[in-house]
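Across the two complexes that follow, subunit A remains constant while its partner is subunit B and subsequently subunit C.
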Partner chain A sequence: MMDEETELSLTTAQIVQRLKGTNLHSQIERQAKECLHRPEIKLESLKEDVRNFLKDSGWERKLQNAVYRELHVQPPPGHPTAPPEHTKEPLAYMRKAQASWEKRILKSLNSMCTELGVPLARKRPAVEQKELTSKWNEMGTDEPDLSSFRPVYAPKDFLEVLISLRNPNHDSSEEASAKSHWGLIRVPLCVRDIAQMKEAYSELSLTSGQLGIDDLTHVPPDLFESEHVRIGKKVVIGQESAAAQQYSRQGCPTGLRADLWACILNSTNEPEDIMYYEQLKAGVIHHDLLVDKLIYKDVKLTASNDDYYFVFEDYLYQVLLCFSRDTAVLDHFTYNSATPPKSYIQGRVGVEEFAVVYPPNGVIPFHGFSMYVAPLCFLYNEPSKLYQVFREMYVRYFFRLHSISSSASGIVSLCLQFERLLQSQMPQLFYHLREIGAQPLRIAFKWMVRAFSGYLSTDQLLLLWDRILGYDSLEILAVLAAAVFAFRAENLMEVSSLATAEAVLADLSTLKVMPLIQIFLFATVI
Partner chain B sequence: MSINTVACTVKPAVTLQLGDAKADTSRPGVYVIDVTLPIGQTVNIQDISFKNYYTAYLTVRLLRRSDEGAARWATCLTNHCLMPSPHTEEGAQDYCSIYRHQMLIKPDNVASVRLILRQPSSSWLSFSIEDIKIHPCLNKEPEIDIPGWLSDLTHVDQRPDIQGIPDPQMVSSSIQQMWALTEVMQTNQSTASIGRFDVDGCYDIDLLSFT
Partner chain C sequence: MRLNHAKLKEHRFPGGDMASKVKWVTDIEKSVLINNFEKRGWTQVTEGEDWNFYWMSIQTIRNVFSVDTGYRLSDEQMVNHFPNHYELTRKDLMIKNIKRYRKEMEKEGSPLAEKDENGKYVYLDFVPVTFMLPADYNLFVEEFRKSPSSTWIMKPCGKAQGKGIFLINKLSQIKKWSRDSRTSTFVAASSGKEAYVISLYIDNPLLIGGKKFDLRLYVLVTTYRPLKCYMYKLGFCRFCTVKYTPSTSELDNMFVHLTNVAIQKHGDDYNHVHGGKWTVSNLRLYLESTRGKEVTSRLFDQIHWIMVQSLKAVAPVMNNDKHCFECYGYDIIIDDRLKPWLIEVNASPSLTSSTANDRILKYNLINDTLNIVTPNGDIPDCRWNRSPPRDALGNYQVLYDEEQALSENAERDLRSRSGQSLGSKGTTRGGTGPRPAAATWK
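And now, the complex of A and B:
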């Protein structure tokens, strides 16, 4: 509610401050200094000439992309008197719910440590370090006994917390709540309805071409496809994040996807990024964390059992173990409602100089976490690049799927949006499922928490994630979840229990996501 | 941003309700909060800041004192929207400011501020605004009087004995250079972290802390 000018200058100051310490800043500075020797740089028009040089040599575009990233990832500057926790999450009861959920996770981790008599973190002895270094590329061959370790929580536990979420200031007396909403989520967040979604997702409408839809539109599909690929190549050459993002809304061609996504996320994989990755690797080799066991177990339980992903097992360990050591991830806690767990080394409890974050990136993995990485393995075979893209996806999107917040892309909003969409479009189906005790969210929740990874076939999943990146929002997950129910409505109307409903929706691997989303949003008669 | 706040008294909210306040079970949709300055004082308002708690619309009226001393109420803001969609949470707990340029009248010589809060949605059990602060217009920087002895110094014409003392021009230019260097260092302080998670090489942890 500040006036525009103040807000703009605050945003500018914030971005300048953030970019100052980066490598890009020093590189541009060096380039600007070096170009002074060039003949085309004149003293009388120094500023203009240097600026033109940076523009022509492509540095301006890199700066643009970096600014674009900051604008997308960092929250806009809030009101000057607002405390930091307000930026994390504006609603007090949401913050409280998140805090008590975190406490539960910490308790569970602590008790696992005590029961099993293992430390949360320790330095590896030299022999062990050597051993790990030598088998870095084949960690999957190791079969340690992890039967006593259990995942800290599963999506099901998290859903129970979301269902019990209440706004203490909301009138939840029987008549008020029962009349309008049949779903499980009871918080009055603002979510978009079909009409608003149609407007926001206009590029997905029936009249525009889509990758991932084979049927005939008024443009013959192969004509659209070859034209779309041609433009895609241009976008890749242009290397502009904003253009790549807009392009991704209609889907990325398989051959260009890796480059386009990296461009959208501004993951450049410079030599220093590779060095940074090596530094993280050293962190893994030096220290042994309890979290590693959880990651190990999770990969074994999920990706290794998956027909599409089991081949990437070793990649997954590498990326996830490095991720847990990456303190750069801590930055995202300024806008994530979650707070990283804290501990004190050498038993110096309460002494700030001995306070550390655990794990170093502040993120405790849960059952299914590795599925956020698995699909990316299809796109990038260089670990450092794969790592960079995953980290960026996490700090932009995935963290929202397991923290309690009021964000429009947050899991609470997605659940509510899913329920609202389904109730308004398919009231009979919703009513039937509710009557037989098969609340739709109980089935759809696991899909959304994992952004459908592991449920769809990979080509379909990547087409879906194209749209997440393109629209910079996770809302499409709620739409797809509702569309799946609509698609199976006939069968679901026949079922008489939660188990049979789950059976009807057990296999999504044959679904084509784009036609489902398109029909649900644009072709359903209201 | 103005740092000073005006000392003022925020009175308890008064409800606007038809019928018997006790017997009527429906919740009120309008609250009025008066903020008064100490008797005899007035303020030129720069902005009014507060934390919202489920108020959808805000109207502000000001009691302004004219030069003759007569006081008159005037509306300076009408139904300013704090929650774009009153049935849902958006904006419900945000921090806000009403700035001088947003007001319909010049908020000068104000003796009292009346905030009229509206919430058309019956979804909420209560609503109000909290942490109300009034920031005054800052007067232009008062001219700092240069003490007489300082100006005397600059007028000294005769040169004292400066044998063995380095040239003041030189000293001042090298000091300036050093000062410039420290300034550069300060502005170049980056936010980049070096990526260490251990403390002096140690990262041995047994249990997590709850506080």
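And now, the complex of A and C:
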């Protein structure tokens, strides 16, 4: 263990290192130089005056937000002697499991390439480039034959891998008893119990106001809503990430959400961000990738058929195709247990110098991937802004939903937390479902992998994601999944098979998420 | 797959098992109708028999009230159209009535008829500039020459579902309608020239996801004098399946311009899961998220406003037969400055269901309509008070109740005379100015 001071200075050094060379850094430097000509800057108090200037002109706040962003994505520095893979994932068996899962995905991708005789990437001929440029805004009207392409994997396949996870140092052969774990996840990870959840999520308690509850039509707005909206407007004007994040815990008003989320995520949509997006777009136009087909197929299979999201089909291509070319996404692999797949230049297989990451962003989309983007289309109608917000959401949260890791926000912990919560709060229900062969996780898994996108109505989904951003954690997904089971418990107690249990839980679009979560965490008698 | 909206509602109808059952007829064989009648335990009879409730097509209503074939309806009979609904639902007549209404308002010196510096009505400019052809051909040409680059849309007066519609941007394209302008507005088919309305095409529609759409909203009228109308909360947006390009080269690609499901269904991209339909609540969420709450509320207020005004415009000429009610389908287009435009009103909004959600919506629409016009599922009494209790409205909300508005106004007058202030002057309408107190739809 390091002492606090060492850790702090290490973190500081790390952040300074990361921010050096960023655009913000050079901008602040230029501002500092330029302000020297100002009359209020005095030589005798130079340092102080320049600082004050940067503070008053808003640059200090921008720096704060940038530092805050780094704190969110950068893991705390490990022990100086720990190897770098420990930053990705400290547990060896998790790393191993993730590596072998990656191997499987890659194998499946490769065999599809060979089978169909399509290259992983190819340069588009000029005619094709021109055509794509002209129909960039209506890629959805294209109907290429994708029947031979199949999603590389679906959440179901991934669940099987998680179920088979074992910690070799832990004896999990205990007999099923009231004390033991009845669920499918068999690895010992530390997850919060209900008492700890109550403490961590205190803003959701019955005594504090909530958007998603206290803004319903029968509640007079002056009890909570009006004041909350008024504060929200102030937070938007203040543009401080930390304040916006705290605010989001009680929910963002619809009219302010887009600004608040962008502020939390420090997505400012500067001219250089727009330019960057245009470069990615050029990348799509120049090269055709095999993953494009997978993206296309996924959108067609999911969002295009969705009552809420079909309208945004074209935006999804515009975001996802660019995403796959974005090498800035690779940064997140320093703290993601996953490792970007590598492909080799023809004839040089296995030679490190000829290895390239494929796809360029290192992320292979799976069935349902586009649903991470779809809800954001309700908030941002400018593709570059939409893109930025999505990318930041991905590198902060969504990647954890399909990587095997021990992180508290990781999918393994979420699964375990869901099972623990349900078992402790609704033991009868859990036992019943288990007995009829309807393990709850088999139903809830797909909800959590997609962060409930495509299952809830959009307004409810956005209220849920408010809390993900507000608490900087995906834990709330496990709570909601358990709360849904609790809410439908009466019907579930009557079912006698997995299929009927699935039917009871097939339609979540009428659920109101905040009341469910609140009741589950704070109003259930133990 | 997810199922939206409320589940089909189950209701017990006290009148259901009584001896006096409602006897119903329909000439529209749609399950959403028949299921609703059967649920109420009503009895099906034929047209020739004694009936209480007839859900009929607009062809049939013509016969019921025609001078030659018509017959006297008894107090226990009810039909789903007003005799001369076409005053509102035929494109040319609706325009004529709205134009007349504006003039009357102006004559009365009503604040509603206020005009801006360009001579445009501030509150009553809610239909695109429109002319009848061939009758108003010369007027049209005059207007056309003022802005020769604009696009116009030609629609036959008597057809629905997007049939016979085309776009023009050159006078030569409608030469055919240039003569014979002295004949009536509705030229008989024998003359070989069908009557058309030509309207300025809204070429700056609001696009969502790059796609054009229109709104289909439902309004129930139970009486015109006094006017009592209800707005259905569950309308929807209909999306074009092809990307919108305002370029004139695409003028003849009707999939780009028309949003009627009947047309879109023939497009290659038509999706049978959602049918290109998006709920109004989605629209509201999207607009509020991307444009803010105030402008969104103002837009919806304006939509309600133009519905009420269109009904007020036809109320004086409508035959307010006490046996009638009517459920209209309003088609509205929103432009990119978030101004709603009334395109047309349908007397027989389609009861065909294109998707599962659509079926639920239309079933509920009929259910809620029947709950209002035949309270408790009892045998209709055309002298009914037309004041359903609030909890019987289902997904309807009061759009305008003239009786109530009058008494509220009277009360307000009284109070202002006695020096009492009501606080704010009417409801604040987010900057649209002091629009006269209009409604009870809130």
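Simple rule for what comes next: the second predicted complex is superposed on the first by the 507 of 526 C-alpha atoms of A that agree within 3 Å, B and C clash if a C-alpha of one lies under 4 Å from a C-alpha of the other, contacts with A are read in each partner's own complex, and residues count from 1 in each chain.
The rule is simple: a residue touches a chain if its C-beta (ideal position, glycine included) is under 8 Å from a C-beta of that chain, and two chains touch if they have at least 3 such contacts.
Only a predicted model underlies this, so the values are computations on that prediction, with no experimental measurement involved.
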item: When subunit B and subunit C are modelled together on subunit A, clash or fit; value: fit
item: Angle, in degrees and to the nearest 10, that opens at subunit A between the C-alpha centres of subunit B and subunit C; value: 170
item: First (subunit B), second (subunit C), both or neither touched by A:247; value: neither
item: Partner chain(s) touched by A:372 [first = subunit B, second = subunit C, both, neither]; value: neither
item: Which superposed partner A:394 touches (first subunit B, second subunit C, both, neither); value: neither
item: First, second, both or neither for A:261, with subunit B first and subunit C second; value: neither
item: Touching partner for A:314 - first (subunit B), second (subunit C), both, neither; value: second
item: More subunit A residues in contact [subunit B versus subunit C]; value: B
item: Touched partner set for A:92, first subunit B, second subunit C, both or neither; value: first
item: Shortest CA-CA distance in Å separating subunit B from subunit C in the superposed model; value: 28
item: Residues of subunit A touching subunit C in the complex; value: 137-138, 140-141, 143, 253-255, 257-258, 304-308, 310-315, 377-381, 454-455, 457-459, 462, 506-510
item: Residues of subunit B defined as touching subunit A within the complex; value: 1, 49, 51, 53-54, 84-85, 87-90, 92-99, 101-102, 122-127, 131, 133, 188, 190-193, 195-199, 202-210
item: Subunit C residues touching subunit A - in the complex, by the definition given at the top; value: 1-7, 208-211, 239, 241-243, 268-269, 271, 273-274, 276-279, 281-282, 285-286, 288-290, 292-294, 296, 357
item: List of subunit A residues in touch with subunit B within their complex; value: 1-3, 17-18, 20-22, 25, 78-82, 86, 90-92, 103, 106, 109-110, 113-114, 119-123, 167-171, 176, 187-190, 276, 279-280, 283, 287, 325-328, 341-347, 349, 353-354, 356-358, 360, 406
